[in-house]
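After this come two complexes, each holding chain A, first together with chain B and then together with chain C.
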Partner chain A sequence: MGTVEVVKVGGVISPFRARAIVVGRRMQDIGLQVFHNKTAMAGLIILIFFTVLAVAAPLIAPYGPLSAVPDVGPLTLPAPGHPFGTNQFGYDIYSQVIWGTQISLLVGVLAAAVASVIGTAVGLVSGFVGGWIDEVIMRFNDVVLSIPWLVLMIVIAARLNYLDLVGIILVIGLTGWSVTARVVRSQVLSLKERMFVERGRMIGSSNTHILLRHIFPNAFPLIFANTILTVAVSILSESVLAFLNLSVKSNVSWGRIIAEAYQHDALTIGMAEWLIVPGLCIVFLVFGFYLFGYALDEILNPRLRRR
Partner chain B sequence: MDLDIRRGEVFCLVGESGCGKTSTGKAILKLVEATDGDILLEMPQEDARTYDEARTRPDDPRSREALDGVRRKYSVTWKENLPWAAGQILIFVLAILAATFLAIFVPSLALGVLRDPFASPWPIIGFCLSIGLILGSVGSLPPTRISRRTRVIVALLTLGSVVIAPVAVLFIHRALTGDTSRFEVGAAMASPWAEDPAAMILGLGLAVSAAGGACALLLDWRERSEGLTGIRMRSIRRRLQLIFQDPYESLNPKQSVYEIISEPLAVNRISRNPEETSASVREALSDVGLRPPEEFIFRFPHELSGGQRQRVSIAAALVLQPDFIVADEPVSMLDVSIRTEILDVMMELRSRRDLTYLFITHDLSLAWVIADRIAVMYLGKIVELGTTEQVIGHPMHPYTKALISVVPSPDPRHKVERIILKGERPDPVDIPSGCRFHPRCPLAFERCGWAAEEVADQLRSLKADGLLAGAGDFEVSEAGTVRVSVGSLSADALVMELNALLSERRDAYLPLKGIAEVRAANGAIELSLHESSEPPLLEIEPGNFVACHLVTQPAPIGPSVTA
Partner chain C sequence: MNAGITIFGIICLNYLLIRLMPGDPSLSIIPRDPKFRGLRDYMISFFGLDRPQWEQFVIYLQRLFTLDWGLSYQDHRPVADILLHDLGWTLLLVGTSTILTVLIGIAIGAYSAIRRGKPFDFVSTGIGIFLYGMPIFWLGLVLQSAFRKNSVFQGWIPWWPALPTSGYYDDRLIPWNWDILHVADAFLHLLLPALTLSLGTLAGISLVMRNSLIDVMTEDFVTTARAKGLSPRQVLRRHILPNGMPPMVSLIALDIAFILGGAYQVEVIFRYQGIGFRTIEAIGSLDYPLLQFIIVIGGAAVVIANLLADFLLLWLDPRIKIS
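Moving on to the complex of A and B:
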């Protein structure tokens, strides 16, 4: 800390500008620390690689995710035009893996966002309000925690028949918020005893103001790092759901590719790439999120880690 | 405890850690709920006299009435306990009826809307009523959260609900039926008026009365349930501020100095525009000696030194232009070299802004430097109160004397006999009987409130030292006496020995002073104890109050040991 130059600002300062300067300085500070942290950088490089892959999929992939390679039959072995071979419909697996990045990233990030928003809201209210409301919310949370989430997801997904993209995101997001809620709640419980909250009361702030302006910003680093880790879990969940054939057939994600490879005995017919490459992609992407998430947690919440 | 702090003075509350100084300060600011008693603000002299007078006669109904009157005017802890008036009960009953009506009819109204939006006037009247209720509850929120502008908007919306309602009804109808054709907003709004003007006027009337009723009812409920907390406390808060002890903990680490200082202005809606806020923040910063303000305005607390943080803390309290500041050990966490600077800033601001300080400290030398009046506190009670001259110059209470004697003197030739208090500070949940200071008081005598347990403990330890070898066990009886069972000596011999011990050693072992009588009874010896009471806080000299039996009692009474 302290590596960032002190900003000198003259003239009129609007509340928005004040906030922007503060956030800017904080981002700059965190950016510098991430840059000097080897773990964070390793994770970040992996994430940037996959993000570029996802965004540039239309440019990189030679074929669409659901379009057959011309002049090549189904289940052909790897060859120069189609490095990982073609699947049972004659689609290019190499292209499918690249397109799959989009689905996996999108579902992972959005589902984690849903889970984090719900978990944060529940945790903030529960921890800050306390009393019987906290008790009720936490018991409900215990119930959600004790339901095996994978089974729950499978049940929900099966009940709704095939899930489209939004469905997958909601199912993963709605089942994954309870851990976040617990983490946030415990942090809020400790934050609300801090002296600056008392100062907030002293100057006449309402509870909402204290919650949003004092407690949330202080809990935010933890929430953010936690969200990054949730993304990794969400990506895995998506793969599992796709592998179990619970998502729409048109969603070409890595999990679906693996499922198809598994159904067609990819290993015995000599198409190991069909199974291994998307698997490795999942492993690397999740690994990248874990690396980045844990490093970020260390940077953002230094005192928590040391304890 | 009873404190009166006069406008414009520096009042110091002195005591050891854990004696309740901070709790007192926070109770005054209503940061912690006081269990009992009154906190009266800005009370003129004559009302203060009425209050004091009425309090001496708590059973007289007229004085109780006077007390309630004073409390209603000045107390921050006052809660209205009046019975409900007939009009209020009527409003309440009507509100319940309206809610029941809505609960029963809203579903059927919604169905009606689904079939044909303007077939009957009731959906529109129902909508007007709901809008009125919602707006009324918004309008009853505390005044500091909602500005006057918002209130005007709420009122206008209530009146406009007759315009909004038909449109809302039509929108719901279209949404439910999946109708996506174009429609004329003007025609949609005009058609209910053309079809059924009486229903629209009824709707308007219901909306306005619902809004007014809901607003009045909720305000009333707030006042009943929260007392002054909700309604007036926010405006009072502004004028009372606290300077925190710990400048490291009390500033939000995620806020810049600018945000910390401008927050009170934003929360209380004091400054009207960013220009004003920036100017106030700069002024507050330079007032507390952080110059130039631009240098500090966008630093985070961790980029400031301890002294600078405390200055920011003071600036954040001052920006609201308070009249009364509770300073809770504002310099105890700071380096000695910075203390004077901070104190100088505080004292300079006092003369410039006509502030009143309640200065909470454990440091008597600091109180001596800055205070106009000092109250010395021990275990939640004031033991001595007076001007600085009276308390420091002529301390009356043994506790004050002990505190003064241990203040280090810069002059090595100036030697004072230090009075070191024995023992630990007692547990505040188990406060000693009689004078709460007596177990540690070097001057404690018979009437200070020795309890049987203390006397028995002392006798046990004497026996352990071999002084009362002939005695058996020491037990505390239920009547509050100590029973000594007979050991190797006979009862009469033991009485002799005890009496001898009392007359020789009572000055060395103070608890022995509590024994009033030694008496042999059914094979054992009963030690009865002196009567005791808690010393009241009495005015010894004008403005100087002391709570000590030594002061109120001319001299320690002589030995009254009889066989």
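Moving on to the complex of A and C:
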């Protein structure tokens, strides 16, 4: 309740301060709702688990991601010391799975951030400005949405001959903003008609001011929930690209481990863990983002609230 | 009108995208070898690769609209023939699993919306989100390993079935005939790819259906309908479903693009040589004629699906008017 004290003691406070307090309260309120929402908490716990795994990978993983282990050769079956065995180059698969968390999480989050920023900007402008600009943007959006996304990604990924981390993030981010743009646009279209926008106009606020100060903050919760869901999609995209050998070459990701397991017929040679574990990791991480994202959507979207 | 503009946009972007890919397409027509110099020059001019870009673009447009789609760089067969053959198999795969997915997805989604908060809803939504997060290619790999000959499961359970895991029918049955043997074999080969694609896309439909219905259930007219004493079944049939279905129609149409993306992965995994398999191959070999018409067909399919959905909506929802 310290914030309340500030208001009383300060008497007159700057509008920025007041705004910060209001936003802070709102965040506190949302945080409390997340805390009491079982689905959101389940998702959050999964996300925290994988984040810890990614950050602490150098401490947890017994071996490096791309270095042959000294004690056994390539393609050894699971054994104590190498719980999932070693791959065709003699790398420890258990360590690879742990290191893979870093790439999958990093690419997923950053690509979703890129997609969300572009999608939000496009959606805001398109919905707010309207007219022919909206028309042009939406037609272009339709075109991008209609070309099979996998082909779009593969062609752009193939264009960037050597894919580093930044390259793969851009490929996924640049092909993934269309849905966000649509969601934001429809939200803006409804916010635009609300009373506070009219009041803003009445006191002579500029369009930029209304867009950035009234419409964007009101659309933000939805954008945030949407971004969380986009992270899940981006992680899946990365795994597909990695499976097709079109992802980061200098580091290991879960998709690449699955691809290698597939090429070496892991299940037949008795190394089921090689194929199954990285796949389950993808499923659980994406599951975590979906759980958290949907729960957040339910909390933030008043229409979905239960009576 | 809009659909026309979108398709034209696809046609242009498609041309640009393909030419932007790195590499020299003439190398996939004929290798660079001093022995073939004369032939090579002839082939390059035969396929028009020596002309300026704008001229190639005009030729591309001409070809597209006259339906004379030229020859594939790879095996020098007419693109139209290749695509017609592939399209049949892809339609079989995508059609089967789309119908399955839509029917089962809507049923599950509706049932869990009615039982919101009950165990069925909890379990089906949980499994749904779990499946939703599964990479389709991985699901395919796991199913393939589980149902192949001499799979691990066959060691444990004697009656565990083995299903065909690659191709669209047995190589020993080539060439194709319309008899019971071929049809049955094609059906067996279809099972795993269709199952993979359905499981991979089912959750999307059922989750959206659930949320869409729940959205409607909070409306005032539903409360009114309950209050005036209609049975739950009547409320569902007369008030909830008619209002919950229209958003589903447009979502299913949008989902077609997603299902196509899944079909590409499934075709690669199961070596089911339809459009998707061919696309990945054509990207690898920079087969421009093949690739450009595949993408146009895929894009046009999505646009047409959306257009059909709009018409269906018009018919389902009398409040929507043609603008």
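Annotations
The rule is short, and it goes like this: the second predicted complex is superposed on the first by the 287 of 307 C-alpha atoms of A that agree within 3 Å, B and C clash if a C-alpha of one lies under 4 Å from a C-alpha of the other, contacts with A are read in each partner's own complex, and residues count from 1 in each chain.
Definition applied: a contact is a pair of C-beta atoms (placed from the backbone, for glycine too) under 8 Å apart; a residue touches a chain by one contact, two chains touch by 3 or more.
What you see is a predicted model, and the numbers here were worked out from it, not measured in a lab.
Counting the residues of chain A touched by each of chain B and chain C gives the higher count for C.
Using the contact criterion defined above for the overlaid structures, shared-chain residue A:Phe287 touches chain C, although it does not reach chain B.
Contacts of A:Leu59 after superposition: neither chain B nor chain C is touched.
Looking at the shared chain after the overlay, A:Pro15 reaches chain B, while chain C stays out of its contact range. When the two structures are aligned on the shared chain, A:Arg25 is found in touch with chain B, with no touch to chain C. In the overlay built on the shared chain, the residue A:Leu275 is in contact with chain C alone; chain B does not reach it.
In the superposed model, A:Asn218 lies in contact with chain B only, and not with chain C. Residue overlap on chain A between the chain B contacts of one complex and the chain C contacts of the other is empty.
Taken together, the chain A residues at the contact with chain B in this complex read 1-2, 6-15, 18-19, 21-22, 25-26, 194-196, 198-206, 209, 213-214, 217-218, 220.
If you check the complex, the residues on chain A that touch chain C are 139-140, 142-152, 154-156, 158-159, 161, 232, 236, 239-240, 243-244, 255, 258, 262, 267-268, 272, 275-276, 279, 282-287, 289-291, 294, 303-307. Taken in their complex, chain B has these residues touching chain A: 29, 31, 142, 144-145, 234, 237-238, 241-242, 244, 246, 249-256, 258-259, 262-264, 266-268, 274-275, 277-278, 281, 294-295, 297-300, 302-303, 316-317, 320. Contact residues of chain C toward chain A in the complex are 2, 5-6, 9-10, 13-14, 17-18, 20-22, 129-130, 132-135, 137-138, 141-142, 145, 150-152, 211, 214-215, 218, 254, 257-258, 260-261, 264-265, 268, 279-280, 283, 295, 298-300, 302-303.
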